[in-house]
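Mind looking over this structure? Questions follow.
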Amino acid sequence: MTYVKYGSIILITLVIVAGIGIPMSLEPAGFFEFPLIPGLEDKARNIFFHVPTAWTSVLAFLVGTFFGIRYLRTKNIEDDYKSVSAAGLGLLFCILATVTGALWARFNWGTFWNWDPRQTSIFILLLIYGAYFALRSAIESDEKRASLSAVYSIIAGLTVPFFVFVMPRMMAGLHPGARDDPSGKGPLMQSGMIAGNMRVFFYLSLLGFTLLFIWLLNLRIRAARLEHEHSRQQH
Amino acid sequence: MIDFELTVNGLTKEFNRRSIFRDLSFTLAFNESLAITGRNGSGKSTLVKTLCGLLAPTRGKVEYRSGGTMLEIDDAKHKVGLVSPYLQLYDEFTGLENLLVLSNIRANGTSDHDRALHMLERFGLGSRQDDYVRTYSSGMKQRLKYCFALLHTPQALFLDEPTSNLDAEGIEIVKAVVREQRNAGFLVVATNDEQEAGWCQRRIDLG
Amino acid sequence: MEEFLAEHQLYIVLGIVLLIWGGIVLYLLRLDKKLAELEKLIKKG
Amino acid sequence: MRSALSSTFALFQKDLQSELRTRYALNALLMFVVTSVATILFALRSDQPSPSTLSGMYWVVVFFTAMSSLSRIFVSEEERGTTMTLQLVASPSVVYFGKLIFNAVLTISLTVAVTLLYTIVFSEYFIIKSSSIFFATVLLGSLGFAAAATIIAAIVAKANTRGTLYPVLSFPILIVLLMTVMNATTKALEGAPFSDALEDFQILAGYILVMTGGSFLLFDFVWKD
């Protein structure tokens, strides 16, 4: 956990410094210059911060569902609070991804919300998290709450592959990789544009946020365990 | 004699991290009977539900054996009869329809119309068999629950508060049922009443 | 405001970084409060 | 196997008979369809709705009406205290499939009612040009609806705030289905050739299979206390 903790701090600090500090030029020379993309300019730097939040919220959903499945198999209440802790963090990062995404969209595409496939996906993820917590608050028995919310998160997870197929076909996309994007990759991912240095920092950022998620999850689970043990002593 | 028995091993049930009962172990063989006693809220009904396979235990095992081989819980349920205040029948059906519908759903080949009529007759519901259950009094509903529980000649009969809402005549019929069950399988009675607990050979007190 | 941000787009990036940072800090503060409450409870119990 | 099938059918019959007698879901369902279509009529008044607007409106009515009645299938058992009775006489898979068939029949009759009403009130605009696409969409859509709605109904029946919780839980699960059926219905109203909608039907069929399979495997955990 020490590596995770300091790793996440160092990586995210590094990415913030590099992501904001490294200058941009139309013809980058060397590693310490990002390519300047007309129309995106400095906003391209958002990729280091906005995308990892969305990634973390999806990761949290997967982790939460994984522990949900494990609860159904073991009926060990500890798996349930691991699952709910992951979901709580997922909700946090989902909100962050939605808000930062809306802000970026405002200055890049003109409006806060465009119903672009990825915006729709993150909105649905937000709805799923909302429904998950609404369900949990409506059940009194601990065991019942644990198994029903696990079942719900699995059922919700089952619809995810469909979104991957359905969404891009149904609506015009603005994000890179959408149907009507001629290059199929979007300006940021186009070969040569992000290649090299930007990509390095992007992956470092993903790693940093993943480590941050593991650290926060660990803290949250420890708190939940304390709470659990305390209420057990009360009885 | 048919070899049908229930083995309970280390049975524990917890609700909201509070244990209802802990580490129960016993065996019930053919012809045996067991009374479960205890205060209100001591977990009598929970134990009965767990034994019938309606509640999953937190730890431990409930196993039914017929002729030495263990039964899957869904097969065992076909040999279980239960009368419980938590178990209700359908208000919008008549007494007879309830029995027929439920035995059709059970579908282990014995959707016996005559048997249903016989049970209704035995519990004094013959004249009301074609009336909707919502018009029944609470005592009549209790009698109908007995008809449902005994319809498929269960080898394990569980009675939770066996005489609630019953009049003197009803109680006499129940006593006769209890006597017969001793030769047809085994019997479990959950009750507060000393006299009813006395119908059984053995007793578990949940405190 | 609009024009200023269009000129100095780095501030949009800065805003987004601060938003994410703020969200995480809020979460940590809540967790901290929760732990403090638990400590109090456990000391008492 | 055979006895499981006949049990499932007997359970379906019981629910059907019970519904025909009490008309809990049916009356609410009809009133809901009529009022929501009337509201749409007021809102559109003299406008000329496009095929995509109409197909959207069609499924909005189906969604909200279904939300008012599909959850009853488990809630009514829970409220009357007959859950235990069913647990005693039937295995979880029998209960799930029996209830699923009932919900599917209910949804199909709901779409029939909405279709009839739409053809009457929007006689100029709601013209099904490609009936093969339309019927396949409505049939597959209803089955998908029932598959997802049944497991959610089972979950909701065990919670406290059932009425409000049901649409909240169902909507995220049903969005994919709604988007696909709206898309396919638009094609049917525009008179596209059948092959144009094949991709939508594949998605719908996949959805039905995944939802039914998943619910079947998970139903045990929901149904048993």
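Letters A, B, C and D mark the chains as written, and numbering starts fresh at 1 in each.
In this text, a residue touches a chain if its C-beta (ideal position, glycine included) is under 8 Å from a C-beta of that chain, and two chains touch if they have at least 3 such contacts.
On a predicted model such as this, the values are computed, not experimentally measured, just so you know.
Ranked by distance of CA centroids from chain A, the top chain is B.
Across A-B and A-C, it is A-C that has more C-beta pairs touching. Put simply, the C-alpha centre of chain B and that of chain C have 58 angstrom between them. Per-chain CA centroids place chain C at a distance of 43 Å from chain D. Each chain gets a centre from the mean of its Cα atoms; for chain A and chain B, those two points are 52 Å apart. If you average the CA atoms of chain A and of chain C, the two centres end up 16 Å from each other.
Multi-chain contact residues of chain B (touching two or more other chains) are listed as 56. Contact of a single residue of chain A with at least two other chains is seen at positions 140. Chains touching one another, given as pairs, are A-B, A-C, A-D, B-D. Residue ranges of chain A in contact with chain C, taken from their complex: 16, 19-20, 41-43, 45-46, 49-50, 53, 89, 92-93, 95-96, 99-100, 103-104, 107, 212, 216, 219-220, 223, 226-227, 230, 233-234. Residue ranges of chain B in contact with chain A, taken from their complex: 14-18, 56, 58. Remark: chain C residues 5-6, 9-10, 12-17, 19-20, 23-24, 27-28, 31, 34-35, 38, 41-42, 45 touch chain A in the complex.
On the chain D side of its complex with chain A, the touching residues are 148, 151-152, 155, 158-161, 165, 168-169, 171-173, 175-176, 179-180, 183, 199, 203, 206-207, 210-211, 214-215, 218, 221-222, 225.
Partner chain D is touched in their complex by these residues of chain A: 72, 124, 127-128, 130-131, 134-135, 138-140, 144, 147-148, 150-152, 154-156, 158-159, 161-163, 165-167, 169-170.
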